[in-house]
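Each of the next two complexes has subunit A plus one more chain, namely subunit B in the first and subunit C in the second.
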Partner chain A sequence: MSIKLIKDHPILDFGHEEKKMVTFTFDNKEMKGFEDDPIAAALHANGIQVYRITPKTERPRGFFCAIGKCSSCFMIVDGVPNVRTCVTPLKAGMKVETQKGRGVLKSEEGEER
Partner chain B sequence: MVSKRVDVAVIGGGVHGCSTAYHLAKKGFKTALFERDYISSGSSGRSAAGLRYQFGTEVNIRLAQYNMKCLKSLGEDLHYPGDLEYDPAGYLWIAYSESQLAQLEKNVKLQNELGTTGSKVLTVKGIQEVAPFLNTEGMLGASFNQEDGHINPHTLCFAYADAAKALGVEINKKITVTGLISKGGQVAGIHTNKGDWEADAVVCCAGAWTQNIGRWVDLDIPVIPERHQILITEPVERMKHPMTLCLDDGSYWKQCPNGTFMLGVGKEEVKDTSFYASWDYLEAATERILPKMPILEHIRVVRQWTGPYGNTPDFQAIVGATPVEGFYIDCGWSGHGLQFAPSVGRIMAEIVNGEKPFIDVSMFRYSRFEEGDLFFEPACI
Partner chain C sequence: MQTTEILVIGGGPAGLSAALEAASLGADVTVLDSDLKLGGQLIKQTHKFFGSKAEYAGTRGFEIANFLFDEIEKYKTLGKLKVFTNTTATGYYKEDGVVSYMVGEEKYGRIKPQKLVFATGAQERLIPFVNNDMPGVYGAGAIQTLMNVYGIVPGEKVLMIGAGNIGLIVSYQLMQAGIKIAGIVEAMPKIGGYWVHAAKIRRLGVPIYLQHTIKEALGNNVVEGAVIQEVNNCFQPVGDPMEVECDTICLAVGLTPTCELLWSAGCEMKFVPQLCGYVARRDPMMRTSHPDIWVAGDAAGIEEASAAMVEGRIAGLSAVASLNHVSQETFYDRSAEYHQRLENLRAGEVGEKIRSGLSCVCCKQWG
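Moving on, here comes the complex of A and B:
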């Protein structure tokens, strides 16, 4: 899949020329994105717009405030729920998953008790 | 200004004021309630909203038995359309020393003798069974009751206030009581910023603010305000975790029905009714609780707030008549008062009506302080 990103922005410089392209997974599908871009931006560039399903009404949620305030982009990243993907930098090998509901806390050993 | 007339004026729109007004109206008293801000805006709505059978003195245990029975079906009984979020997820008191464990054993024994069911003493293995996420290091044992739990403190107040209103009680919000009317040495009503109300009796349910009201009739009511703080986290899926209270440092935490965790810790606090929260409390609570519940490591705290306790010298309530005729008080609950609204609201109405209370609360009498007859509640923090 081609990556959809703005190349020439009138004000912002994304520094993509210097950034490394890394591989991560979204719901077990392999994807590519620029390292240290916000996870949500990397997903958006890959055409992914639904990041979580809300607990009560089970509605889809995606990019919204983009500054780490609104809870719309909460996802499970490397097993940790409620990660604000709009302000969390992408790293190589990250396991990003759609969050359904409130998120389940896991103990250090990774088991759900 | 022409003053209005009621039989009884109740000061305070917390849970005790609302329940007292409801029970007074049930007995046919024309009642008016006065709240300076909104219903539940004082300590009630700010409380950690714990409900429990587990107390350590006879009067509190007997009252708790009645409270817990009422709270289970209170929403339906008061025809409240909202959700009281009654949630019996259990309540653990954890001992870190032999003397703490001995006290917990004593409490459970007394509860059982008085007919409480479900309270028991747990070994460390027993603790792990009811609260599998705890780091039990340093714990010696606990007392536990699975029927104890949580309620929404706001809807609890609203339920009583609405039920009182349905029985004709005048619920006055955003009205400040500014004084007591005295006639011939007895209280005969209240002054407010919106005029006067004459009343045959005034019931003060002003919690941590009670001292200010007592001064108007020259009573020095020994209720000392003390700031307490609470943190709340983002919600996560429900886990097997009862309300947990550690006796080594007064730290406690529980998961509310909506998935949020509520956290607090015992700490030297300012003695006032201010609503300002502090950074050091956030640090103290998280530093104490995270080692005891490591799974909370990545959870985010989203809010912190305060609410004042109204502490008495023996951390027991003051309930009943005062040396000033026509002036009754229900205050000084020292941090465990919310859950006592069902029983004590009823008892306040009985006392105002000249009846014998359905549970003996003479231990709570105002005069015990000058008589030197204090009795400490061991099961409170």
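Moving on, here comes the complex of A and C:
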């Protein structure tokens, strides 16, 4: 899938050409995004909108506030759950996964959930 | 543990102005910001500001942010100012005045400041409707982040909820980015924002549905449409609901001050509808009931960036003065100038709501 970027803008220059494109995975699918853009923004550009599934009612959640205040965009990043993907910079090789439920810390793996 | 003379929490227009003011008076200043980039909402604003020359009239918001960044760099080079982005203040401990923070998601730290300016900004309000948690329902700030900061298409066709200034401005910005607006929905019988913004949008053929509300977001996993409903003066439904074709719903239904840290610090708080939520009581120098804590910008009541920047200046000035770093003459001169500028910004009919809100929370001086 192509990345959905704003090409022509009457006022803003996003400098997309100068930014470094890196590869990461979302649920094991390879994707591309700009290094240091928020993970959530990179996913959105790839057409991904569902970032987690809520613990009780199993409803999909995605981007919402974009300033790290609402917890809607929590995902598992490189094995760490509850990462605020709207304020976490994308790095090459990152493993980003849909978070189902509350997430498990590495230190408590194997314990009863 | 790290120490600093003045800690500013929040690197938006208010926080940066407070930091610059304090640094310009020789104080040692640290700024924490939870975002990846400084500037808060200012870097997302593409419209030209109103007001006078002192308030950067005619300059676009993101350009004003660039002026602030240049000054910030200057004081960083002088070693008077430290700035940490991607750093979220997580607590204020009133027993010892320590602030805890988180860098990224897993690194924690503590800092002990002598004086604090809380410029924590605001957060988006949500209104109740079916599926309001569905991906594709985004806050207006989030839409601006995607398209104006990162140049990413937020959606193909957006339904805007709210015809206040933010709803109108963001609708126009979306159109500038080549995105269609399905319509603007507003529960009130008239447009809340400035006519100049509404007129630009109407001329481009976008329908503004006054006395309408959103009833439901449609779709399975993500937004595939919306149902809107006409309402009467008592906000009760009138007539049949109407389906609107869209893939994104943008909520511009207001903001509320971010004030958790003020509560933890034990600052006297008051609910003021005109300022859009709980805000700290303060004196004219923006000092809260806690003698070491100042507040500025949207965290002190929802207003706009020009006033936020002046409030930041006042808070920074007063915080440094409390450390005896400022001559009386400088203090009085600057204070008089900033208060005059605030008065100008809040003059007339447009400032009426703010003025009445402030009259509920401002005290002449703390006893």
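Following the convention adopted for this analysis, the second predicted complex is superposed on the first by the 98 of 113 C-alpha atoms of A that agree within 3 Å, B and C clash if a C-alpha of one lies under 4 Å from a C-alpha of the other, contacts with A are read in each partner's own complex, and residues count from 1 in each chain.
As a working rule, a contact is a pair of C-beta atoms (placed from the backbone, for glycine too) under 8 Å apart; a residue touches a chain by one contact, two chains touch by 3 or more.
Everything quoted here is computed from the prediction, not taken from an experiment.
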Original post:
Between subunit B (first) and subunit C (second), which, if any, makes contact with A:21: first, second, both or neither?
Top reply: neither
Original post:
Counting only touches as set out at the top, which of subunit B and subunit C does A:62 meet: first, second, both, neither?
Top reply: second
**OP:** Quick one: classify A:9 as touching subunit B (first), subunit C (second), both or neither.
**Re:** second
**OP:** Please work out whether A:92 is in contact with subunit B alone, subunit C alone, both, or neither, and reply first, second, both or neither.
**Re:** neither
Original post:
With the two structures laid over each other on chain A, which partner does A:80 touch: subunit B (first), subunit C (second), both, or neither?
Top reply: both
**OP:** Identify which of subunit B and subunit C touches the larger number of residues of subunit A.
**Re:** C
Original post:
Both subunit B and subunit C touch subunit A; at which residues?
Top reply: 80, 82
**OP:** Would you pull the subunit C residues touching subunit A in the complex into a rising list?
**Re:** 34-36, 46, 60, 62, 86, 88, 104-106, 121, 123-124, 133-139, 141-142, 145-148, 150-154, 176-178, 221-222, 258
Original post:
For subunit B, which residues count as touching subunit A in their complex?
Top reply: 132-133, 234-237, 239-240, 259, 294-296, 298-300
**OP:** Flag every residue of subunit A that touches subunit B in the complex, lowest number first.
**Re:** 55, 71, 80-82, 101-108, 113
**OP:** Show which residues of subunit A lie in contact with subunit C when the two form their complex.
**Re:** 4-12, 14, 16, 34, 36-38, 41, 44-45, 49-51, 54, 59-70, 72, 77, 80, 82-84, 86-89
